[in-house]
Every structure is written in structure tokens, then in C-alpha cells.
Amino acid sequence: MKKNNELLKIKNLSIEYKTDDGIVKAVDNMSFDIGVGETLGIVGETGAGKTTTALGIMRLVPNPPGKIVNGEINFRGENLLKKSEEDMRNIRGNKISMIFQDPMTSLNPVMTTEDQIAEVIILHQNVGKKEASEKAKAMLETVGIPAERGKDYPHQFSGGMRQRIVIAIALACNPQLLIADEPTTALDVTIQAQVLKLMKNLKEEFKTSMIMITHDLGIVANICDKVAIIYTGYTVEYATKRELYTNPLHPYTQGLFGSIPSIDEDEARLKPIKGLMPEPTEIPNGCPFNPRCQKVMPICLKELPNRVEVKDGHFVNCHLYKDKDQSMGGA
Amino acid sequence: GCDEAGGQIDNLVVAQGSDADSLDPHATNDQPSSRVKKQIYETLITQDENMELQPGLAESWEQIDELTFEFKLKEGVLFHNGEELKASDVEFTLLRALESAHVGHIVGAIDPDGIEVIDDYTIRIATSEPFAPLLAHLAHTATSILNEKAVTEAGEDYFRNPVGTGPYKFSSWEMGNEIELVRFDDYHGEPAHIPMITFRNIQEDGNRTIELETGEVHIAYDILPQDINRIEEHENLTLLRDLNFSTVYLGFNCEKEPFDDVRVRQAINYAIDVESIIDAVMEGSGEVATGPIGPEVWAANMDLDPYGYDVEKAKELLADAGYEDGFSTTLWTNDNQLRQDIATIVEEQLLEVGIEIDIEVLEFGAYLEATADGEHDMFILGWVTVTGDPDYGLYSLFHSEEFGEAGNRTFYANDRVDELLDKARRSAEPDVREAAYMEAQEIIRDEAPWLFLNTGEDRTGLRSDIRGFVNHPAGHHALWTVYVEEDE
Amino acid sequence: MSEKIIEVRGLKKYFKTNKGPLHAVDDINFYIKKGETLGLVGESGCGKSTAGRVLLRLIPPTEGEVFFEGENILDFNRRKMRKARRDMQIIFQDPYSSLNPRMSVEEVISEPLYINKIYKKKNEIAERVKELMDTVGLSQRLVNAYPHELDGGRRQRVGIARALALKPKFIVQDEPVSSLDVSIQAQILNLMEDIQDEMGLTYLFISHDLSVVKHVSDRIAVMYLGKIVELGDYNSMFKNPLHPYTQALLSAIPIPKIDVEQEMIILEGDVPSPVNPPEGCRFYGRCRHRMDICNQKNPELFEIEKERFVSCHLHNKN
Amino acid sequence: MSTQINPDKGKTNINGKPKKKRGQWYEVWKRLSKNKAAIVGAIIIGALIFTAIFAPLIAPQHYRTQDLENRQQPPSREHIFGTDNFGRCIFSRVVYGSRISIQVGFVAVGFAIVVGGLLGAISGYYSGHVDNVIMRLMDILLAIPGILLAIAIAAALGPGLVNVMIAVGIGSVPRYARIVRASVLSLRDQEFVEAARAVGANDLRIIIKHILPNCLAPIIVQGTLGVAEAILSAAGLSFLGLGIELPKPEWGAMLSEARHYIRDSWHMSIFPGLAIMVTIFGLNLLGDGLRDALDPRLKG
Amino acid sequence: MYRYIIRRILLLIPVLIGVSFIVFSLMYITPGCPAAITLGEQATSREIEQLRAQMGLNDPFLLQYWRFISDIIIRQDFGRSYATNAPVLDEILSRFPTTLTLAATGVLVAVVIGIPVGIISATKQYSLFDNVAMVFALIGVSMPNFWQGLLLILIFAVGLGVLPSSGYSTPMHMILPAITIGTSSAAMITRMTRSSMLEVIKQDYIRTARAKGQKESVVIYKHALKNALIPIVTVVGLQFGYLLGGAVLTERVFSINGLGGVMIASISTRDYPLVQGAVLFIAFTFCIINLLVDILYAYIDPRIKSQYK
């Protein structure tokens, strides 16, 4: 996985929220990287810190209550966390774009769709109003919406169309990195298929790198190259798609696979992970997954496991693989 | 503006507490309207500040018989619309007044069939029965002489297109706010000094004083008692204080227990320290009243003995009447600050003799209705003897045929008083009348249907350079005599 | 196993709207056999929940009949209906809005017992609540907890306990897991399965997630815009979907496996409005196989083979 | 059910004992108590209520005791707020005045909540024609400016504490009707209402047990702010001379009277004015705090 | 949209009829006879009876109401004031400009202060500026208008002598009343702007705007403000409507003879036609302002516009 055409490299990123009930470590010591043209899937259940990670990269974590407490976000070799707000504004929407979770709420209800797309074009490209709106119309066509509907307002579109408009905004300036935060969760399957197909096509066309945030392992299988599985803000496994699907190592990853009913096989019973996610302010000591883990060991209650590269490019954070680390690392 | 250093001003600004309702003398009879109408219209007869009858539009008059007077009109008097005053206008005016619900009572004694135009400048007016106060009534602004043509032409809108013979003519009216009059150049008498008058409506009493101080107005009517010192001590202001025809009283419902007992009424008269009330509520303004009509009114009995403040006597009388432990009752008033303040003190003082009072403050309309219907126990009201004749100030208030709405809200009935009031009304002999009124007042004092509170005063604030202004006891003051003193 | 516990005939529900009647459920027919689970799938707004509600007479239907154990419950009077309700319960999609925020767990679970006066004594009710909480796997210490103190999974368990309180024979499950995380979803699905086995319950399982429906159902009905377009045994349906919509639906689910060649059938456009739906087949606009007749005539649901129904002109040989 | 998964095994804070039964109100209280401004508001209102209850003990003399010799005395050791135009102790009157303001505020709002709430609940729950008729009625009531309606009603019923309370109350009926109706409309279609119906609950039970308790939050917030408004309106009515029976010390009436003396005796108008202001201030603080506490969404 | 407006205007009719009926009934049950009151304390019963008959007050309630309402509907005639005999409409219209300018200046002051302060407060939540602004806003809301007016007169007219205390003839006269009226409105608008902005700033589409790389000021003033405007416009409309209905107390304190004053005066003189006319006029302006506000909503928010069918 060590390629030279690295686009984004995240190192030990930690983000916290200060709440009335205490400090929420939404993202804890996260590291991953993405090469040009590559798609990384970030998978986790509700509250795992997926959106926060994405906002962290955009430097849009709401402050207060949120704060990036540690780490580096290197985008083409430059640490975004050291950039001025002005520089960041030039990057946002231009080099890095983001698609938000809910298409129903992420468009401004009182602006025409065309204006919303044109806005980002005017901001980042040296064009006039008229040209920008031409480009915006072209963008609408690209995502499969007739250009003349550009004068319509978001509420006049269906959910799938709105998500496509959001995609059009995100892709309007041909970004190098697209962060898609559960772009299809709010959509019906048939619409989801439309949107996924569109994204795939566009990705290929524009050679965009992508972070696909989701909780759906099916989508990951469909679209990603690499996967990071996160649990309570903490990366438990990070590997190529093939590795992860053929050889899931972390008990949590295994649990996830055991939890999804299969469409093409008959299983008598699902094999779910027991218990619930802990409260975000009450993450247990040691490995955060220890209360729910089938293979819990005494050490898991005390020590947070370090990242272990079990195989080339297959990282796991679990005490089970400590020894293998040495053996395999030596191999 | 009025800060022009000395010299004549071209606009006299006069502030009063309310806008005029109507400039049709037959449509309303309220003070603010009368104060404006006084400048526009004239009456056959006028009363000077001392209430002496003086010729007005009538040069002279004589009594022809018990019922009839003949008036000689001044010749060459022009109305503001250019018409000349004729006897027919007078006839028209009186007949129209008789029709009016608002002022009908003032001319009520006149027999409509007894008005006779002799020639253009001579007219006879007869009453249906002998009515001594007729001349005084004809001096009232409600009998201002109108021009028949102007009235007919303006129709319903006459009230804001008034045409009179007075020294000022109507110019404009911003309803609710201000009325402008301009000098009438063809006035038959001495022309007015100041070319224009503006009547401004400044509702808040205190604000009138402030505006007078800041020089926004030249004359402010009805100054608050609280502001007396302020104006008197102000170097640029003068305060004119003169007693007027009004009397404030506390009445008892004589038909209701326990006030049907004269001793109870007298007891309360003793139990209340009127002087302290006048001091506290009105800063001692006006005078403590000793009878039902004030000293300015003709034939007021000034020899009546005041009850005085005597709690012991009050208790005695109450005990006599069987109320040694006092009783509970109500005191009614309307939402007039002065009356409420009086009620507040009365309540406190009556506690001393064991009488517990609930004060019922009613809105004016409801108050009038309730007191007319006799729902009340004690109540506070006032009366203005507008004509300056005791008939007006006594008849409807104490005659047993005038119960309720008509004016006698105490429901006081005394045969002797009835007899005296009737006699005085009919007689043409001033001496006979005076004697009757004196006796009636004495009986009223003794029988105490009222607790006399005070005789009112007119308080007019002036800029110091204003001259020629005199308070008229009826409350509507002449302004055409006003001028500004030249600076030396 | 073959006894029909529920049978629905010609059921319709139109809602009044400003723009005209909204055909939420439009002439649907099906039955559910005792002890089985019928899955009802379809996209958002196609009328699944409405069907479930009308079926339980929580809202009055526009037309149609619903037989429960042979009797038409739509003819029941108030008293009889109240009694019938004990046998027919519902579990909702949204564990957040389906619990009264002002009632504790105990109050929620005991409400049906209290209303139906099942027990005379207070402690009997308390006993039964305890029992139910055990059944659905809720710790006793939560009896006094309020919904906002619980997470989605536990809330859903409370909802299940409430539905079970009256020992019903039939339960409508309106997307009971779709708002839950996968790991919790699996727990709840297992729980429901266990309860069904234990109590011999019959389920109508509503969902938009085909893989979940497939996992729990014996037979599956596919709805599209107020109509049932295909109905049959889950195996044959998945192996051999007949209706073009079912085919598209099936193909569109991303499979969480690599090395499966998945060709998604991409439907054009969106679901049309249920207000004044088209005369002909409602799927016409999005269908790959549309024919002239489809635009003119709405295909009837007919039994193409035993226990296998489809409503499509492609398969209509008559 | 051997494979039963108990989610509570995974919980870190298990203590075995049943949780104490503390409903949402406990949470609300917890949130409220963290809000400094709201606490200040609560203290002000608490002090006001305390003053009202113990007025006879706090006030050095009865509110009606006059001393005509010592009128309009400025604040002194004897009368810390000075005396009024009847020589009455202003401090005592302000203290007693709290009783009236509290009564007016709470009764007027209570009246409005009961009447408005009932109308709103009926309107929202049954919708259709009933709804239409009631809401048009509310429109009509709304179209008549509040203070003028109050004046007209006060004129019709005559002055007096009770009538003032009704007059002020009627004017705000539409507001509560609307709030409750909106809540009911949104609650009516909530799944828990349907669940209750599914287990056999009748309309009455649903309204009382399920819908009304959940409308409480907006009503309480509006009510707190409404008390403030009612006190102000009542003071305004008194100012116009349509207030409370004499010689009761209503703050607005005190102000109204004091305005004739404002230039010589500032203290006569300052203290009742401050009393009104501080009370309204406290109620607003508390109301705002309650709004935040009752609607966690709004928290910063 | 036009159909919507026309429908709303038609809907005015029943509301106004309802208003007139309620007011008529209220006046009817109110003790106090108009005839007796116009004639005053010193009138005789014969005169009162005469006037009562003239006014038609002896007729049955419904007949009286019908006469009144039919005159309006059929002849657009609101009648004449009992007290002045002036056409009711003249009475009202002569006072309306005063009230309108007063209300407009007050609201203008309030908007000019309230909206910017509210926005800054929201964007700098919990900052010193925010805290100070909110305390002032709270004081503004808590201060009884009439008291504030008195204090202003005391300070500026009496104490400093720089401004007139009453009346309404020059812009100078307008300053104190406009401030008095404006203060509480400004306070309310500030609070509403703040909370509305806070709500909007949290929305996803604001995040979208930021993610586009948009400048914070544009995000606030272009994206957020327009979305926050609905409740603000509502408050402004309500305030304006309320003030047109008569900032009775402020008018009284400054001796401004506006609509509110005539309304109160006419109630106490039982001047039925004037009461009716004034209330109807006020209710009418209130409804029209509501309508304008609703139309403005549509202008601000296309979602609302699409509901107006």
C-alpha cells in the first residue's frame, strides 16, 4: 500500500467535543492515507466518529464544542492544520469537497439550485456570474438533472435528485479529494443504486480520490479500495478491501459481518455482537470494545492495543494479534 | 414659536386637556368645545367676569310681561360668511336649540310658539311658564346665535364648518389634535389683538405645564394642583387662580339604609376632615365648600355653619342612630383621579368611626348609569352651575321630581325644599328668589344629603408676557382681549 | 400451518389532500397463515405502513375487508374491536417516537394490561411487567427509567414488550429495525425470531430492506405505489423474481462480498406521486420492459403458479 | 430463549438496583440549575412569591395607613422608599403590591391556559369543522388588539381584580390555543399515540395521558413569559385608570398616580416602576431558561 | 399566489364581521348609556330619553347590529360619532397618519438596532458582546413602556430641556416617543434574531456553505440570515400591527392623539360607532399586516410560496 502518489495522509488525528456530561473523544488517534484515485471506506456504527473525521479534514469541526487536539492532516504534503483560515477556504470546495449525510437538509432551502452550484464555482474559478451559471447548468446535466430545473428550489426535488445536486456542488470544481458522508443512507435502494452508479462514473471520469463514509459493508464492497473500521472514535482495523472481506481479524469486524443478513444465502440465525455501544463519555478503559468482545482477555481491560500490521497493509488494533506482530513482522 | 422677544405674536397657542367634540353649539356642551366656541360665536346677552349681564348681540332688552322678553339686536353685525345678523337667525337658532338633546335643557323654558320676530332687528321670546333665570340662560354658549344659511348649507357637517359673529373665525381642525382660528376682520366690535389662535389638545395634565415652561404654549388651562408652586415660582410664568362655578360633593343615597337616617348623614359630615382632604388632594386649591353652591354663584348662602371635624360628635350621632359599632357600606366614584383620591382618604377617615368602606371605581358611563339607578350607597360627584344662577345649581339636584338621571342622585326629597325651589324659579323678584334660595340651602345643609367638599377654581397658566387674560367663572375664557406686552 | 389467520380483500386507503385523493393503499389482497411471517417490502411512501395500520384498524380504510380468524374486524363494534385488539398488536419503526416520553418503562409496558383490565391486583401487573422485561432482555433496574435514558435498541425492546403484554396472536412489525445499527438490528431480529418460535406468533414484517425481509420472512409481498406487485414464497421470489420492479429492487442491494459480479439494474427517475396515480401500470414510467398495454391498463395481481402472485403484463398470458 | 442477549450486560454503570424514578422533569431541573441566568430569574421570582406570602411581616405598616401630614416624603430611614401623596409608606405598598401582581399574573395566565388549552386540544385532536370554527374564532380574537380588548372587557365587567384578570386572560387565550393545537397536531400522529390506540386506549385517555403531558413544555415556557406580559398589561390597564379596587397597591396604578408628582417626588414612580421591571426581568430570565431546559435542541 | 391573496382577503370578511359582532356585543353589555354619557352629568332624563330614541338605542340588539353592519356593507358607511357627529372614517383617518408615522419610526428604530445586534450576538454566542446585549434586551423587554416614557420626559424634556415632551408636530417631537416604542420592539427583535440565527447556524446547509470555502461573513449574511428571517419578520409584523393598533400607553404619556387614544376615549364615552369603526380599522390593518407578512414569507422562502395555492 505504500504508494508514492499519496494524496492525503492522516496521522494520529484526535478530535474532542466538550459536552455537559464530559469530554467526548469523537476521534481518537486515527491514521490512514489515500492515494490519488483511491477510495477509502470508513465504516462504523452511529456515533463512531465518522462525520467528525470528515469535518476534521475540512477543518469544519464546530468550535466550540469541538476541537482538534492532536495529529496531522497532510494533504499533498502540507499539513492542513497549520494552514490559515484563508488558505483553508481556498481548499474547501475546490481541492477537497464534501457531500453530507442528509440531502434533505444540506441544501439551502431559499436559494435556487443553480445559484448554489454557481456559488462554489465563482468562489474558486476565475469566472463571471454568467459563466458560472452556465457551468452550473452543465454540472446539473452531468448528474442527470435537466439544466432548466436549475431555477427550481431544493424542496421541488426528490431526495435522490437533491443528493445528486449536492454531488454536483461537490464536484463542480473538480476536487482532488471527495469526502462522501453516508451519501445514500437517507435514500431508497433503487435511488441509492442510481447515486452510487453516478458517483462511480464521476470518480472515474474526474480521477477523484474519495473517502466513502458508511455503515453499509455492501456499499464498501461495491465502491472502495481500502477500508477503515472504526469503533467509538478508534480505528480497530484498516486494510485493503480484499484483505478485510476475506480475512477480517478484529472481533468487532467479524461481529459486523455476522450481523448482516445475507441476500444470497440462507442463514438460520444472525450472529450479532452482544451488548451496546458505550456512552461516548464513558468509554471503558483498555480496549473500548472489551465489554462486547467474545475473546476478551485480561489485558484488554487494562491496555489499549496498539496498531499492528498483521500483513502488508492490513492493520489491526487488537491484543489478540500482538504476538503475530512480531512473528509476521519478522517474516 | 413664542420666544420672539416681546412684540406681538401671530399665533396664540392654548393648551387644554381634550379636543373639542363639536363646534356646533347645539351638538355638545362640553367645556373644551365651549372654550373654542366662545371665540367664534356670540350670544344675545353676555355675562362679564362678575356675572353681571351685559349686552351682547342684543343691544337692549325689556320684559314685556311675566312670560315675555323683547330684544333689540345690534345692527350691521356680520357673520363669518358675510351674511348679516337678522332676528330670523335668532329665531332659527332658538328653535334649533330646543330640538337638541344636548342643550335643550338650557333653553327648555322657552315656548317654541312664543318666539316672535317683530322686524329684522327685534324679537320677542316667551317662556311657557314664569322662568326667572331666562336671561342668564341666554348668556350661555349653548345659545350662541347661528346663521341659518350656513347651518342649512353645511348640513351634517356643520359641526366642523361653524359660522358665527365672533372675533375669530374657524380656520382648520386636525381632529383629536388641534384647532386653528383666525381673526375675523369684519368683526362688529373691537377687533382681536392676535391674528390667530391654536387650541392644542394635550391630554396629560403634567405635560401642559411642561409645554408651558418650555414655551411651546402660551396659555395652559386646568393646571394640576401639584404644579401650582412650580408655575408660581417660575420667572417666566404666571398662574391665574379664580374660583369657578363648580362644586364637588359626596352624596348619600337617601333612600337606602342607613343613609335614610339623617343622623348617619350628619355623623359622616362630622367624621370627615374636609380641609385635610382639600390639602392633600388638591394642594389646598379652591375653597372648602360650605353649601351646595359656591360663592361665585348668585344667592349663595355664605352664612351656613360648616359641620367641622368632630369625631366624638360623629360617634354620638351614630350611636343615636343605632350604629355604635359602625357599619359597612360602599363609596362609588368614577375613574377620575381627583375623586379617587378623595375616596381614598374618606375611606381611611371613616374607619375611625367604625364605618368600613369598599370603594367602587366605575368607568364613567357605568358610573352615571349606576348612580342614576340608585344602586349606590355613597358617591362622589361634582356640579357646575354653568349659568351662574342658583336655579341651575339647586333645582335638578335637590328637587324630588328630578330623581336619578335628572340630577338628584341622592334621591333626597323634602317638601319644603321643593316648594322653595319652585317658587324661586317662577318669581321675577330677585329678593323673593334670594330669600327662597337662602332657606333652601339652609335646609339642605342641615339635612345633609351631601357632604360639601370644595368649590373649584380655574387655574390657568400663562407666559408672563401675556396680558389681557381673565378667568371667566363659567370656565370658557375670552381670548380676543389677549395681547403680548411689548418689551421695554 | 395452513390456516389463514389474516385475510385482506380489496383493501383501499385514500387520504384527502389539497391536490386530490392520495392513493396510499390501493386495492390490495393477501392473506397470512398462522405462524408464518409475511414480509412486506417497498420503497419509502409506497404505503406499507398505511397497509399495516388499516389492517389493525388504527385508521379507517376507504374500502375493503380484513378478516381476522374468519371475522371481518372492520364490522366490529367498539367493544368487540377492543377485544380483538388484544390479539393484534403493532411494533413501530421509530423507537424514539413510539414511546411516550413522559411514561416510564413500567408504565409503558403495563398500559395495555391496565386498559384491558387483565389483572385485578397491582402486584400482578408488576409481576407480569417483570416477566415481559425478562422475555425481551431488559434489565429489571430499568423499570423506572424513561425513554430518553434508553438507547434505540432498548427502546425497541420496550416496544416489543408492550406489544407482547396482551399475548397477541398476530403482530404487525413496521420497520422495527430500520433505525437501528447493524449490530443492534441483528440482536432484535434474533429476539423476534425467538419470541415467534416460543409463542407461535404470526408476523407481518414491514421493511424497505430486502435482505432483512428475506432473512425473517416465509413469504414476501412487494409493494409499489399502493399496490402489491409481486407476492410469493421467499425462496422462489429471490431465485426468480418475476416483476421488473422486484428484479430491480433485488439487484440494487449492494452485496457485502467481494468477487460477486453485481450488475445493478438502474431504474430511471423517481417514484411518481401517489396523488392521482397513472391509469395504467404504476411502474410504467420506470420499467425496462414497458409495453403499450402497460400504459393503458393496470395489470391485475394473479396467481401465476401456486402461492405465487404477480401483477405484470409480461407474465399475463391471458 | 437460551441465546437471549441481554444488552445490559455490556453496560459499564450497572449497579443492580432499580434506577430511581426521576422523570424528564428531573432532567429539566438539572439543566435549568446549570443556567445561571435562569437561577437568577428563579431567585427573583422566589423572592417575589416569598414577599407576597409574608407581606404583612415584611411591610412595616399596612398598605393603606395614611399620614396626611407627611406626604411625598423622600426616602428616609423610616420609610426607605419614601411616602406617597397620602403619606403612605411606599415600601409597604410595593411589598403588598407583589400580591396583586402575582395574583393577576398567575390567574390571568391560568385562565388563558385552561380555556386556550382546552380549545386548542379540541381543535387539534378533532380537526375538521370543529377546528375551523375554533381557529377562526381565535383569529377574530387575535385581530382585536389585546389591550383594547382588555379595556373593553374591563369596561363591560367593571374594574376590580377578578375582572382585570379575566380581561388580561381572554386576550391571550388565542396564543395558548394555537400552541396547544400545534402540539396536539404534531403529537396526534406520533407513533406512541397510535401504540396507545393499538392497545385499546380511548380518546379521553389518549388526550389526558398521552397528549397533554407532552404539550406541557411549550405551555410552561409561554406561561412564564405570559405571566410577565399579564403583569405588564394589568399595570397598563391601571395606568389608564381601569385597574384594581382602591386603595389596593397595584404597581401600575401607583405609577399612574405618581406621574402627576414625577417632577417633585421621583421616588413615587421609581420604586413601583422598578418593582415591575425586576419582576418582569425575573420572569423573562426564568422563562428563557425553561425554554432552553425544556428543549435541549436549543442548547448552544 | 394571486389566488392565495384574494382568498386571504375574502377570508378577512368573516373575521371582520366576527370582530364587529364581538365588539358590538361587548359594548352592548357594557353598562352605561351612550346618550347619558354624551349628555354628561348634568343632563335631564327627558333629554337622555330623547337622544336615546334618536340614536335608535331602544331597538332590539340584533336590529341595532344589523343596522350597523348593513350600513357598512351596503353603503360603506361607518356612521357618525355620537360625540362629535363627524363621520367615523374621518375621525379615524385624521389620527391614522400620526399613529402610522409613530409606529413606523418606532419599528424602524427597532429593526435598525435589533437585527444587527441579534446577528452579532448569535455569531458570537456567549461572548461579552452577546451577554451585554442580552441583558439590555431583557431590560428593554421588562421595562414598562409608560414608565420608560415618563423617565425619558423627565430626563430630556424637563431635566435637559432639549426635547419637547408632548404633541406631535415636528420630527423633534417624534424622538422620545419613537425611542420609547422602539426600545421594547428592538429588544424583542434582537432576541428573536439571535435565537433564530442560532437555530439556522446549526443547520446542515450552513455547513455546506462553509464546505464550499465561502467566507464566514457571506455564510452569515447570505445563507443564514435569509433563512432566519421568517421568525424575525413575524415579530416585526406583530410589533408593527400592535403599534398601529395603538401604542395606547405611549401615546397617552406623550399626549399624542392617535388611534389608540381615540379608541379608549370612545369606549369610555360609549361612542359605539367610533368604537366599532376604530376596532374594525385596527383589526383590518392588523389583518392586512399579517397578510403582508405572509406574502413576505413567500418572498423569503420558496417552500412557503409553493404552499400558497
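The first chain written gets the first letter, and so on, giving A, B, C, D and E; residue counts start at 1 in each chain.
Convention: a residue touches a chain if its C-beta (ideal position, glycine included) is under 8 Å from a C-beta of that chain, and two chains touch if they have at least 3 such contacts.
A quick map from chain label to UniProt name: A = ABC transporter ATP-binding protein; C = Oligopeptide/dipeptide ABC transporter ATP-binding protein; D = ABC transporter permease; E = Nickel import system permease protein NikB.
Predicted model, so just to flag it, every value in this text is computed and none were measured.
J.: Which chains contact both chain C and chain E?
T.: Common contact partners of chain C and chain E, which must touch each of the two, are A, D.
J.: Comparing the two chain pairs, does C-D have more C-beta contacts than A-E, or is it the other way round?
T.: Pair with the higher count of C-beta contacts: C-D.
J.: State, to the nearest whole Å, the distance from the C-alpha centre of chain A to the C-alpha centre of chain B.
T.: Centre separation, chain A to chain B: 90 Å.
J.: Suppose each chain is reduced to the average of its Cα coordinates; what separation in Å results between chain B and chain D?
T.: 47
J.: What whole-number Å value describes the gap between the mean CA coordinates of chain B and chain C?
T.: Here chain B and chain C have centroids separated by 87 Å.
J.: Counting only residues that touch at least 2 other chains, which ones in chain B make the list?
T.: 204, 363, 365-366
J.: When you check chain C against every other chain, which residues touch at least two of them?
T.: 153-154, 184, 187, 190
J.: In chain A, what residues contact two or more other chains?
T.: 269, 272, 274, 276
J.: Taking the complex as given, what residues does chain C use to touch chain D?
T.: Per the touch definition, chain C meets chain D at residues 53, 56, 58, 82, 85-86, 88-90, 92-94, 97-104, 111-112, 115-116, 135, 137-146, 148-149, 153-154, 157, 159, 162, 165-166, 184, 187, 190-191, 194-195, 198.
J.: For chain D, which residues are in contact with chain E within the complex?
T.: Its residues touching chain E are 136-137, 139-148, 151-153, 155-156, 158, 228, 232, 235-236, 239-240, 252, 255-256, 259, 262-263, 266, 269, 273, 276-278, 280-281, 284-285, 298, 300.
J.: What residues of chain E sit close enough to touch chain A in their complex?
T.: So the residues of chain E in touch with chain A come to 203-205, 207-215, 223, 226-227, 300-303, 306.
J.: Inside the complex, what are the residues of chain B that reach chain E?
T.: Touching chain E from chain B are residues 19, 21-22, 24, 27-30, 101-102, 104-105, 108, 156, 159-160, 174-177, 200-204, 207, 210-211, 214, 216, 363-370, 372, 381-384, 386, 396, 402, 404-407.
J.: Using the touch definition up top, name the residues of chain C that touch chain A in the complex.
T.: Contact set of chain C toward chain A: 43-44, 151, 153-154, 181-187, 189-190, 193, 208-212, 214-216, 238, 248-258, 260, 262, 264-267, 270-271.
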